[in-house]
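One chain, subunit A, appears in both complexes that follow, with subunit B as partner in the first and subunit C in the second.
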Partner chain A sequence: MIKVNKTKVQDTSAKYLFILCACLSVVAVFGIIGYILYGSIPAFREVGVFEFLFGDVWAMPTDTYGILPMILSTLVVTVMAVILGGVVGVFTAIFMVYWCPDKFHLRYKGKVKFLAKCVEWINKINLRTIFDQVIKLLAGIPSVIYGYFGMQIIVHNLATVDPDYRGYGALSTCIVLAIMIIPTVTSLTKNALEAVPEQYYEGSLAMGNTKAQSVFNVLVPAARSGIISALILGIGRAVGETMAVQMVSGGTANFPTGLFVPIRTLTTNIVAEMGEVQIGSLHESALIATGLVLLVIVLIINLSINLVPKEFKGKRGKKVLKGDKEAVIRFEKKGLIPEILKYFAMVCAALVVFALAAVILFILINGIPHLSAAFLFGTEPPSLVPAFITTGYMILFTLIIALPLGIGAAIYFVEYAKPGSKFVKVLRTFTDTLAGVPSIVFGLFGYLFFRPMFGHYSVLAGAFTMVLVVLPTIIRSTEESLIAVPMTWREASYGLGAGKVRTIFRVVLPSAFPGIATASVLAIGRIVSESAALVYTAGMVLVGTSTVAGAVNPVNPGSTLTVFMYSFFAEGLGFEEAYATAVVLLAITFLLNLIVFFIEKSVKKKR
Partner chain B sequence: MFDFKKKEAFRSREKQNKQAGGNGLDVFDFSGDTAISVRDVDLYYGNFQALKKISMDIPKHQITAMIGPSGCGKSTLLKTLNRMNDLVEGCRVEGEIVIGGKDIYAKDMDLSALRKNVGMVFQKPNPFPMSVYDNICYAPRTFGIRAKGALDEIVERSLKQAAMWDELKDRLNKSALGLSGGQQQRLCIARALAVQPEIILMDEPTSALDPISTGKIEELCLSLRDDVTIVIVTHNMQQAARIADRTAFFLLGEMVEYGDTEQVFSAPKDKRCEDYITGRFG
Partner chain C sequence: MKKLVKMLALALCLGVGTFALASCADNAAAPYITTAIARTAGSGTRSAFDELVVNSEGEALEDHMADRDWVLTAETTGQVVTSVGQNSAFLGYISLGSVAANANRIKAVKVNGVDATTENVVSGEYALSRPFILVSPDFDNLSDAAKNFISFIQSEQGQEITNGEYIAYGEPVEYSEYTGSAATVSLGGSTSVGPLMEDLAAAYMAINENVTVTVTGGGSGTGVSGAGESFDIGMASRALKAEEEKTREYVKIADDGIAVIVHKDSALTNVTFDQLFDLYVEGTRIECK
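Let's turn to the complex of A and B:
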């Protein structure tokens, strides 16, 4: 009789299971590229690759498809948005790290007890945390809300300066995109700045620099690779943004020749026409080919992060000194420019807070008057109940599939993978790539791959698509929490004779639970705010026909809250209910942020 | 925001600037024999008293070493000499420290001017992530020197002064982070020399280095003695004996003994100092 070592079998099989989970990103990336490439072949064959890329007319009736205006519009708008949003984002981060005071230092000498209490209370607020939360909230607000905000506030105000009194076009798009990339740029820049060694600051101060001089001459340059990466990710985000751009860009495929020229970007081309497409037509293929071009652009941008040198390697060439023996060396006090930049950083930070306040106030003022019991809980359309049900299903099905896969992959990365091995590097690159894919491309993939499984739009098809969208987020934050589990605990468990699998499930995972919970909440946030990936997978039910009976079956098409909100715009209805929906979405976003905040706080307290 | 005291300090600084010929940096007068004079200095971190009634005169163009066990306050005192202690929250200094005829804790003291004249080298080498050339040019540039000829001159002079010219003249464009630890530390000294300070404070500059690099830095200190006043905090008693002209021994925040190095090491007056030097504790 052969003795089988049970633990050993368990360990080996578990290992392969985890590897499989980790490889899913690779499969997904290849699947997405493959399917979209396959779908766009007819367009390239009929139209010709060159004519498709460099043609300047897009006309469905004559089957003429050229996307040059859209490529250029996308690039121009992105560059403008990154200059605007990038500068504000980077300087906001600089303010947050170096000048944001910890607390208010208000003083109150009057005798009114209530006021004294208030002042005491205000002084207890930790400003840095609040600022952090402001940035996170900005990042969490669904892009559809930014779309409505852009349409009603930015476009509306720009219309007064626009010669045609419309306001839609390149400038509005660029401003909306700038606001949307600020959180990405700010939080990543902040991480980069916080990683700069303290000694640089001391060293520079000891040479007689002021704080502002040290910050702008040493510390910010020392973080430059991180800041460049942050800007590149911002560019990727701007290129891939769909819904908000669709609502403010004007939609006509013009060359971006002026600030007020209505434009159409690559993403909006897909979302604007995919709904009326005939399945199997050249038109469909041309739209998928647009997606392919978009995907290629985004992949190139995101992969270029790897080219940014991690640390300063020295300049090229040899320096030959040509000292001037006669030169007058006279030291003077300087440092006006860094002082000015310091105040500029403060202005940028104020702008960001102002932007968030404007978006929130805009939604609350427009939405709260239309929040009625009938709308929130009624069964007659228009009602939010079907959207609630669909959103619930979406979260449920996505997490049921994505959580085990994501946690499995994270376990592989942390517990099994040899750090630095080629295989792991490849897996990681693919996970990062998956994280950078624009949601409209996920939508296209779902449209091509998951939707045909059901023969029509379906909430389940949407959920399958969302699994791919949230997978990188879950892997990343689970990984972080696993890394944070002290090595000694694992050693203790091995020392007691436990196998690897037992150690992982009994020791590592339970103590990483808060991190996994955070990962789930972040994933829920992403699912709630997503719209572009869902419109052509889970579908968009007409506002008038969305009923509870239809929403209860998850195989049916269904609109989540964000898609429901978007459909008011898409159908050209009044926006009252859309704003009311926005209030609900905002409340959910706020709640999710709060949950993450408290989980992280409780973890910090324990350590 | 409307801090009137600050405004007043600013005005008196302006006045000084005009008197000093406008550049605002040469407000110190180092013509006397004493470079630094510390008078009855008490220093508190919150409620903890880290320095107790320290008084000492540090002579010009000599090397003064501060020794003592960890936590005795020697580094703390060093940091008060160019006010790097300002960075520490809850740190309070009482008493008077006079450098070049100025009370450096006076309200109208300009920190840039002070630190330009009183440079500092830290325990861990901290060259910036820039080229060797830019590292040395860093401080001159922030003090308004832009002309290439002048900068080149400063770099050459500082590197020669730090005895690194031959090693580094061919790699001025290379990253300073690529140098060895000892080279990095000497580069930091060269960097401090670039703005022609009168005094250089060294906070255990060799504690992270190997014996050969340590020897080079000691040699460098001795060769710099004619140009600058050096105050060095060290853990290593032999080092103090090798290079210092004068030595101060600290214990628990007090200055127990201060005198010529030979006297302190051969005939210490205080029993505690003798015990420490002969290795009975510490």
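Let's turn to the complex of A and C:
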């Protein structure tokens, strides 16, 4: 008789299950590229690849499709946004890490007890944490809100400067994009700076440098590769941004010959014309081909991160050490600039706070007067209840599918994969690639693949699309929390005779629970703020027919809160309601950030 | 440290200040219309407008319309209203039925000296109008609930709702309430037809609790091609093209004017087709008087 080792069978089958989860991102990336490539073949065949890429007229009535103006607009706007947002973002991070004070040091000498208490309380606030939260909040605000803000405030004010009283164009787009990429750049730069060894700083001080000199001449250069990666991710975000750009760019496919010439980017071309498309026409194929070009650009940008060298070998230091006089003089001359840069960093940080304050105030001032119980909880349209239901469904279905897959993949990466193996490297590259795909491309894929599965726009089709969107986030943060579980715990479990699967499910996962919870909350945040991926998968239900009866069936089309806000605006019937919805969205974003903050805090306390 | 607190405080003040500025400094009425707003190509409103605006030399806008520096392209009606509503140098066009709801931002101007009213559309004096149609591959194949909804639209009750802002088409038909089992009817397409369809759907659902009507946006293009596929019934704000008529049937439900709109404080009261043509094609400014 053959004795089957039950544990072994369990272990092997579980292993393959986890590999399967991890491979899903490969399948997804290939699926997306393959499907979009397949969809764009008619356009390339009829129009010609060269004419499509370098043609300068896009006119649907005559079936002429050339996207050169859009490619150029995308590039120009992105470069401008990254210069503006990148500089502000990097310097804000420098400020946060090196100069942001821990606490207020207010003094109060009067005798009013209440005021003294207040001052004491204010002094207790941890400023760094607050600043951190400011950045996270900026990152969590839905892009539709940025678009609204850009249209009403930035475009409106730029129009007074524009000789043609217009305001729409490359400048407005670049400012909005800059605000949107600052959080990405800042938080990644911050991580890079914090990873620089303490000794560098101490050594530099010991050499007689001032603090500013040490920071700008030693520490920032040491974090170069991280900062460059942060900027590249910022570029990726700027290229892929859709809804906000659509609202402030002007929408006409001109060459970007001036700051105030209305332009159209690749992403906005898709979102603007997809609604007017005839299914199966050359027009549809040309739009899908636009998506393919966009996808290729983004993939190149994201893969170029791998080319950034991990360490830069400085030659200057060696020269100084060898006593090269010129190098020494050049080094000494750099004394004053860092002191000036220090103040620049402070100004940048103030700008970021200013931007957040402006966006939030704009929404609150315009939105709060229009909030009412009937609007929030009423059953007669227009009310938010159907949108709440759809958002709830969207979160539920997305997480039910994405969490097991994401956690499975993370378990494979941490518990099973041999570090450094080629297979893992490939898997990881694909996961990162998936994270960089613009949401409008996910939307396009969902439109081609998931929507036909249900025959029409449907909340479920939207949820399937969102699974792809949130999967990388879940994998990443689950992975981090699994790595944080001490190796000794696993060893102890093995020592007691538990198999690998048992160890993972009984020991590792429970202790990684807070990390997984954080991952879920982050995913929820992404689902709540998403719009571009949902408009053509879950549909954009007109606000007047958005009823509870329609929303309870997830096979029906449905609008999440963000899409709902967009449709108020799109129909031109309820600007006030759009603002009120934005207030609700802001509140949710704030709440989700708060939850993540407390989960992380409780984890830190335990360790 | 103190500097820092001051700086943060300053930033906050600046934020509040900008707001005060932005909300007070409403664009003083610009002397010219410099910028024209078009809708996305393929939109029903756009194709109707481009076809109907013909200059004195007999050239239609549709043969000359191209992407230009002075033309903004809006994806939706709302975008046109927002842009025009905050800038008196802009001119755009939207469904006549959507003008009244936005009277606090925009106003419709006369076209060729004729007021944009439903009466003038009916009499044919107002030159810019187009039909609202429902589209399906085969109307006989629709579910009972969908058929019932269409007959509600064509009934006296439905036409009364339509006539509020639009002009109902055809003689009213007999209508009886839906008696079948619970059902869903989905519509999609033109955002211009959307507001009307929302009102109709709300009234219909009030008397037929068994039926859920959902209306999704998009555009006339999807309205025609997605009918029977993405949704049961398509909506379009233009007539079917010859090639579309091979595979699609349609039912006309209403006529709608296209209003040319400007900022509510603009001094402009009248535009001629020549002015519109030159603005969209050549970028010739229109003096506001």
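Please note the rule applied: the second predicted complex is superposed on the first by the 584 of 607 C-alpha atoms of A that agree within 3 Å, B and C clash if a C-alpha of one lies under 4 Å from a C-alpha of the other, contacts with A are read in each partner's own complex, and residues count from 1 in each chain.
To be clear about the criterion, a contact is a pair of C-beta atoms (placed from the backbone, for glycine too) under 8 Å apart; a residue touches a chain by one contact, two chains touch by 3 or more.
Being a predicted model, the structure only gives us computed values, none of them experimental.
For subunit A, the partner with contacts to more residues, out of subunit B and subunit C, is C. In the superposition on chain A, A:Thr210 makes contact with subunit B only, while subunit C stays out of contact range. Look at A:Pro221: by the touch rule set out above, it reaches subunit B but stays clear of subunit C.
Looking at the shared chain after the overlay, A:Gln199 reaches subunit B, while subunit C stays out of its contact range. Residues of subunit A that touch subunit C in their complex: 57-61, 69, 99, 101, 104-106, 151-153, 155-157, 159-160, 164-168, 246-247, 250-254, 257-258, 261-262, 264, 271-273, 275-281, 283, 346-347, 350-351, 353-354, 357-358, 361-362, 365, 381, 451, 455-457, 539-547, 549-550, 553, 556-557, 567-573, 575.
For subunit C in complex with subunit A, the residues that touch the partner chain are 1, 3-5, 7-8, 10-12, 14-16, 18-19, 21-23, 25, 27, 30, 34-35, 38, 40-43, 47, 62, 66-83, 86-89, 94, 98, 101-102, 184, 186, 188, 191, 194-195, 197-199, 201-202, 205, 212-222, 224-226, 229-231.
Contacts from subunit B toward subunit A in the complex involve residues 17, 22-25, 82, 84, 87, 110-116, 119-120, 122, 124, 126-131, 133, 138-145, 147-150, 152-157, 169-170, 172-175, 177-178, 188, 191-192, 195-196. Contact residues on subunit A toward subunit B in their complex (touch as defined above): 197, 199-200, 202-210, 213, 217-218, 221-222, 311-319, 321-325, 327-335.
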